[in-house]
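Chain lettering (A, B, C and D) follows the sequence in which the chains are written, and residue indices restart at 1 in each chain.
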Amino acid sequence: MTLRAIALNCTLKPGAAESSTELMLTQVLDELRSLDVETGPIVRVADLDIKPGVSSDEGDGDEWPALRRQILDADILVLGTPIWLGQPSSVVKRVLERMDAFLGEEDDRGRMISYDKVAIAAVVGNEDGAHHVSAELFQALNDVGFTIPAGGVTYWVGEAMHGIDYKDKEPTPEVTAATNKTAAANAAHLARLLQGDGYPAT
Amino acid sequence: MTLRAIALNCTLKPGAAESSTELMLTQVLDELRSLDVETGPIVRVADLDIKPGVSSDEGDGDEWPALRRQILDADILVLGTPIWLGQPSSVVKRVLERMDAFLGEEDDRGRMISYDKVAIAAVVGNEDGAHHVSAELFQALNDVGFTIPAGGVTYWVGEAMHGIDYKDKEPTPEVTAATNKTAAANAAHLARLLQGDGYPAT
Amino acid sequence: MTLRAIALNCTLKPGAAESSTELMLTQVLDELRSLDVETGPIVRVADLDIKPGVSSDEGDGDEWPALRRQILDADILVLGTPIWLGQPSSVVKRVLERMDAFLGEEDDRGRMISYDKVAIAAVVGNEDGAHHVSAELFQALNDVGFTIPAGGVTYWVGEAMHGIDYKDKEPTPEVTAATNKTAAANAAHLARLLQGDGYPAT
Amino acid sequence: MTLRAIALNCTLKPGAAESSTELMLTQVLDELRSLDVETGPIVRVADLDIKPGVSSDEGDGDEWPALRRQILDADILVLGTPIWLGQPSSVVKRVLERMDAFLGEEDDRGRMISYDKVAIAAVVGNEDGAHHVSAELFQALNDVGFTIPAGGVTYWVGEAMHGIDYKDKEPTPEVTAATNKTAAANAAHLARLLQGDGYPAT
């Protein structure tokens, strides 16, 4: 059976603006593809009109239902966010909020609709905040049914109060490249296990 | 000299939809008015088009510049947010992100433009998350120049995994009413001190 | 193959003092045993002299090396902590810090020594903080090699600023009992999968 | 009237072991002294036997009562902590837990015993975590009665997944030196205001 991954870029910058988060997601998707995981284009969430709310469809003009469908069709979610003020972006928060509705949605075995899916985080900032951002992402993703593999985050941040961007680092720092690889390998491994033998209904 | 407060309701619900956060903000503003602090109407942020970004004006259609002006014209910011998944709302995160620009903006004494302003938080959920939400709000607000008075948060949450709303609690729990009062009194006291004798330029 | 679980009670109370965390851990271990997972006695960490530090042995009198051995011999770690000031206890923080050494320790396949182990959290407070505590635990546990199953936390907290203890709730709230069961079932399922087919070396 | 500051070094290393946190605290105290704030020696908390618990005296051998007295005798608390796994140290968590007792202790005006005191944080790690650590410190300190001045944290962290220590940076990074100065100046200013005109009883 094939595995599918979806990557969401939750940068604040819409359109084709350069994005360090995009670069890191590209690198993680490359690793996933080398492990025979299918991937589509990275979704730039700021280009979509994701309405505020905690239901699966907030009505007229809401572009969440289509994105939700893509997430539920994938086995692996790669959630990419920049860091602002040491915290996850408002865009990734919006995505997590909308997934709150999973708590009330069941699959045909009576389990939360997102069960057996694996999530990893890709976090980029010019200084500080990656651990906290992954903490908030892991907790929220886990609340709404995702499994977090060992080494479930890859990240880069620069020295305190300096202003270097990941996209301007040449070449990619070796430790981050290695972490990209591990996160992808562990996500693919765990998603394969759960695809073959999912969680029991309780 | 008069003190002015501005209250932002960062609920996910636009329009006039009932909001527990609105109720708590109303209570806090009542306390502030009893201390001779001027207040305007509560701002429902979800009704505004606050663009993603970290500059003070993200261009065409951005309603942040007008809200930013109101915040800078006030002495006290009352930041109200619901809790989703144990975390601050995407709407309050957007507001904090936009205030990131304060880090590069100086007043005529060379200090961050938001200096001498006091911020308090009003946090409401049906279960769990108030301390963490106040932690994130305090840190982000402090980063962008606000001062946090003793007892700088008022909150209500219900028992774990139950679904009661603050707006449906009758009467208001006494401990929360007392905390509203203390937060307001401390904010007004500290704002008055800083209005009379602001931080030095360094 | 048999699965083994170890439960750590990170209450601040040493000795046999009554502990809400102990009660919840007992309930989770009961669930695990019903799934044929072997368990030993709950470890009351405050009874041990776990020295401050980030190495695997901080020398004379340090009781971490023996506890570390027990953790590494188990397939499932159930990490139980009370909430104080909305945050994890200093005792559980000490345990996490000592596991920091795992980052530099490899098994015979060159992977982090803790790989293929599953961790879940049991969090108890008289009000507020469970989501944040699980966020910090998930992130730290994941950093040091553990995998977090879907629904990887069970918790109970009471209404804001009230002082009820979990150990005095009779009977156990149904939602928490159900969450205990799910956390245990998911942990056992995932630990079994990883026991049969562990993460690749990268 | 004179102002007094107390600085706590919450490193995991007891004795005279070199500590980056100690270096930063020394720098902050130098700034405070240049503003006519009295300071004593930095307290290395890992050298004291601070028992687990949430009362003001946990009995035989507990060295918290004496440290508590020093904290209450000061106008400014400078709380210094290293970062491990992106989080505050277990030692600083123990200090915060013990201050939980302030919630039930009143001064002669019926206010929380710690009122009118200002707290700032000094946070040091070799990579990532400073914003989150300050968030947790601010929230816990504020819960137990402290006021947080604008710019209430100074910090240094290095690039992601590198291992440089602050104590080995020569010279001190200019941005951190400037932040030390601002945090000290704002703390002294606010403590002076509150010494002259404290919060009202509510």
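Keep this in mind: a contact is a pair of C-beta atoms (placed from the backbone, for glycine too) under 8 Å apart; a residue touches a chain by one contact, two chains touch by 3 or more.
Computed from a predicted structure; not experimentally measured.
Peer 1: Following contacts chain by chain, what is the lowest number of steps it takes to reach subunit D starting at subunit B?
Peer 2: Contact-graph shortest path, subunit B to subunit D, evaluates to 1.
Peer 1: For subunit C, which other chain has the most distant CA centre?
Peer 2: B
Peer 1: Based only on mean CA positions, could you tell me how far subunit A sits from subunit B in angstrom?
Peer 2: From the centre of subunit A to the centre of subunit B is 29 Å.
Peer 1: Whole-Å distance, subunit A centre to subunit C centre, using C-alpha means?
Peer 2: Distance between chain centres: 25 Å.
Peer 1: Taking each chain's centre as the mean position of its Cα atoms, how many Å separate subunit B from subunit C?
Peer 2: Inter-chain centre distance comes to 36 Å.
Peer 1: Any chance you could list the residues of subunit A touching two or more other chains?
Peer 2: In subunit A, the residues touching two or more other chains are 85-87, 131-132, 135-136, 139, 143.
Peer 1: Would you tell me which residues of subunit B are touching subunit C in their complex?
Peer 2: Touch residues, subunit B against subunit C: 85-87, 127-132, 135, 155-162, 173, 175-176, 179.
Peer 1: For a test of understanding, state which residues of subunit B touch subunit D in their complex under the given definition.
Peer 2: Checking each residue of subunit B against subunit D gives 112, 114-116, 131-132, 134-136, 138-139, 142-143, 145-153, 178, 181-182, 185-186, 189-190, 193-194, 197, 199-200, 202.
Peer 1: Within the complex, which stretch of subunit C touches subunit D?
Peer 2: The touching residues are 12-14, 46, 52-54, 84-91, 93-94, 96-97, 100, 136, 139-140, 143-144.
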